[in-house]
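First the structure, in the form of C-alpha cells, and then the observations on it.
Letters A, B and C name the chains as they come in the text, with residue numbers starting at 1 for each one.
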Amino acid sequence: MDAALLYSLNLIGVFVFALTGALAASRKQLDIVGFAFLASITGVGGGTLRDVILGATPVFWITQPAPLVLCVATAAVVYFLAPFVEYRYRLLLWADAVGISGYCVMGASRALDAGASPFSAVVMGVVTATFGGIIRDIVAGEPSVILRKEIYVTATVAGATLFVLAILFGAPFWPAALLGAISAFIVRAGALAFGWTLPIYRSRPGRAFPPR
Amino acid sequence: MDAALLYSLNLIGVFVFALTGALAASRKQLDIVGFAFLASITGVGGGTLRDVILGATPVFWITQPAPLVLCVATAAVVYFLAPFVEYRYRLLLWADAVGISGYCVMGASRALDAGASPFSAVVMGVVTATFGGIIRDIVAGEPSVILRKEIYVTATVAGATLFVLAILFGAPFWPAALLGAISAFIVRAGALAFGWTLPIYRSRPGRAFPPR
Amino acid sequence: MDAALLYSLNLIGVFVFALTGALAASRKQLDIVGFAFLASITGVGGGTLRDVILGATPVFWITQPAPLVLCVATAAVVYFLAPFVEYRYRLLLWADAVGISGYCVMGASRALDAGASPFSAVVMGVVTATFGGIIRDIVAGEPSVILRKEIYVTATVAGATLFVLAILFGAPFWPAALLGAISAFIVRAGALAFGWTLPIYRSRPGRAFPPR
C-alpha cells in the first residue's frame, strides 16, 4: 500500500509540474500540441533526469504511460480553461511550489535507495525538484526561475535536508517525507506570499562589473 | 539487410540534423571547429537522449565513429560551400523537416523494442525527433523552433502515432515506418510551404497578462 | 596510487568549474544557495553527462559526496571573498581554461576505458570539457561561451586529440595526459592572452542574411 501511495504522490508531482508547463505554454500562446509538449517535458523532466543519473533506466514513464497521459490531459484542460483563470502566473508559481516540495523528498528518497551518500541524496533531491522547471523555462525562452530574487532553490535544500536527516535519525519514511515536503512548501510559500529572500551577493560599492 | 538499411537511414537522419547544426553555425559566424561542434551535438543529440532515457548505454556513437565522422564532414562541407547557398535558413528548415520525419519513427521504434507502452513510444519518438533541434537552438542562442507559430511538434506526433498504430494493427516494420515518416514530412512540409497552423491559444479579449 | 592521483586531479577539475559557476552567480547577484547551486551544476555537470552517456551510473558524485562538498565549499568562499577580487570575469575565464584542459583528457580517457573508438573518445573529451560551462551559461542566462569569437572548443579538440593519439602510439597514461592537458591549456591561454582565433565563417560580401 505504501508503494501505491508513493506512486499516487508521484503522479501528483507530475500533475502540478505539467500544470506549470501548460501555463507557460499559455503565456507563449502555443497551440494545443505545444501545450502537451511543454506540459510533458516539465511534468516528467525532473524525474527523468533523476532516473538517468541514478541509472534507473528505462526511466519511469517508458513502461507505464500513466504519467504521460496525465500530462497530456492536464495540457488539454488548461488549453480550454486557462482563459477563465485570472492570475495564471501566480497559479503557475503556486503549483510549482507544490511540485518542488514533493519532488525534493522523492528525489532524495530514490537516491538513498540507490546507495547515495546523505549529502549526495540532498543534492539529488534539489536537482529532481528544480530541473523540471529549469527545462520548462529554457525551452519556453523564459528567464530561469532560479535567477529570481526570492527564495526558490533554498526551499528544496531545506526540504531534502530535513528529510534525509530524519531518515538518518531513524524516522520512518512517511513522517520524514511529510516533514521534508511541508517544510519545503512553507519556505517557498513564505517567499511567494511575503517575498522572503536570503541576502543576495553584492559587489563592493562603487565597483563596476568589468566589461566582457 | 534490414538492419543495414535501418542503420543507413539513421545515418541520413544524423546527416540532415548535422546539416542544420552547421547552417546554424554559419548564421552565428563561428569558426570551423564551432561548425563541427554544433553539427555534432545537433546530429547525435536527439539519438543520444533517446539511448540515455532507454538505458541503451554506451550510446550509439561511442563504439562506432561513423555518425560523428559524418557530422564533422558535413560541417566542413557547409563551412566552405554555404556562402554559395542563397537561402540558408530555408534549407535549414527543410533539412530539419526530413530529420524529424525519420527520427520520430526511429525513436518510437526503439522505444517499442525496449518494451515501452504505445503511448510512451509515441512520446519517445517526439522527444527523439525534437531534442536535436532544441539543443541546437539553445546552444546557438536562437529562439527555439518549437515556439514558432507554424506546425512543428505536431508533425512528429502524427508520424510517431501513425507508426505505432500501424505496428499495433500488425503491419510489418517498413510499411509502418514509411507511413509514419512520410506523414510527418507531409504535415511539416505543409507548414513550411503553406504556413499550416493549429489554432493557437488566446486569452480572453481585453485581458492583459498579469505582471510578473 | 595512480588512481588516487587521478581522483585528485578530477577534484581539481570539479573545483575550478565550481569556481566559474560561483563567479557566474556573483555576476547574477544570487544568494548563497544560488551560488552553491550554480557551482554544483557547473562543477559536476560535464562529468555527469560523461557518465550518463557512457552508462557509468549511478554517476560519480552519488556514492561519494566529496565532489559536491567541494562545490558547496567553493561557492561559500567565493560568496564572501568575491567582492575583493578585481577582475572576476577574467578569473572565471582562466579557471574555466584550467578546467577544460583537464576534463578534455579525462573525458577521452574514460571513453577509451569504456571501449570507445578513438574518434568517439575525442568527441567525448570535448563534450565533457565543454558542457559544464554550457550548462552554467544556459542556467545563468549568459551568452554561451562557445559562441565567443576567440578559440575555445578548439583547445579541447587539440588536447583530446593529442592525448588519444599518444595513447594509440603506445605512450603511458601520464605523459599522454600531460601532453593533452598542457596543449589544451596553451591553446586556450593563447586565445585569452592574445585573442587567438581561427578564421570565422563569412558569407559572401554584399549578401544579407535571409529574413527569418
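In this section, a residue touches a chain if its C-beta (ideal position, glycine included) is under 8 Å from a C-beta of that chain, and two chains touch if they have at least 3 such contacts.
Source: prediction; values computed, not measured.
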What topology does the chain touch graph have (line, ring, star, complete, other)? complete
Over half shared or under half: which fits the residue numbers at the contact of copies chain A and chain B, same or different? different
Rotating chain A onto its identical copy chain C by a Cα superposition takes an angle, to the nearest 5 degrees, of 120
Chain centre separation (chain A, chain B; CA means) in Å: 27
Can you list the residues of chain A that touch 2 or more other chains? 52, 55, 57, 138
Mind listing the chain C positions that touch chain A in their complex? 25-37, 40-41, 48, 52, 55, 57-59, 61-65, 68-69, 79, 82-84, 86-90, 138-141
What residues on chain C touch chain B, complex-wise? 52-55, 57, 111, 114-120, 123-124, 126-127, 130, 134, 138, 143-144, 146-147, 151, 153-154, 157, 197-204, 207, 209-210, 212
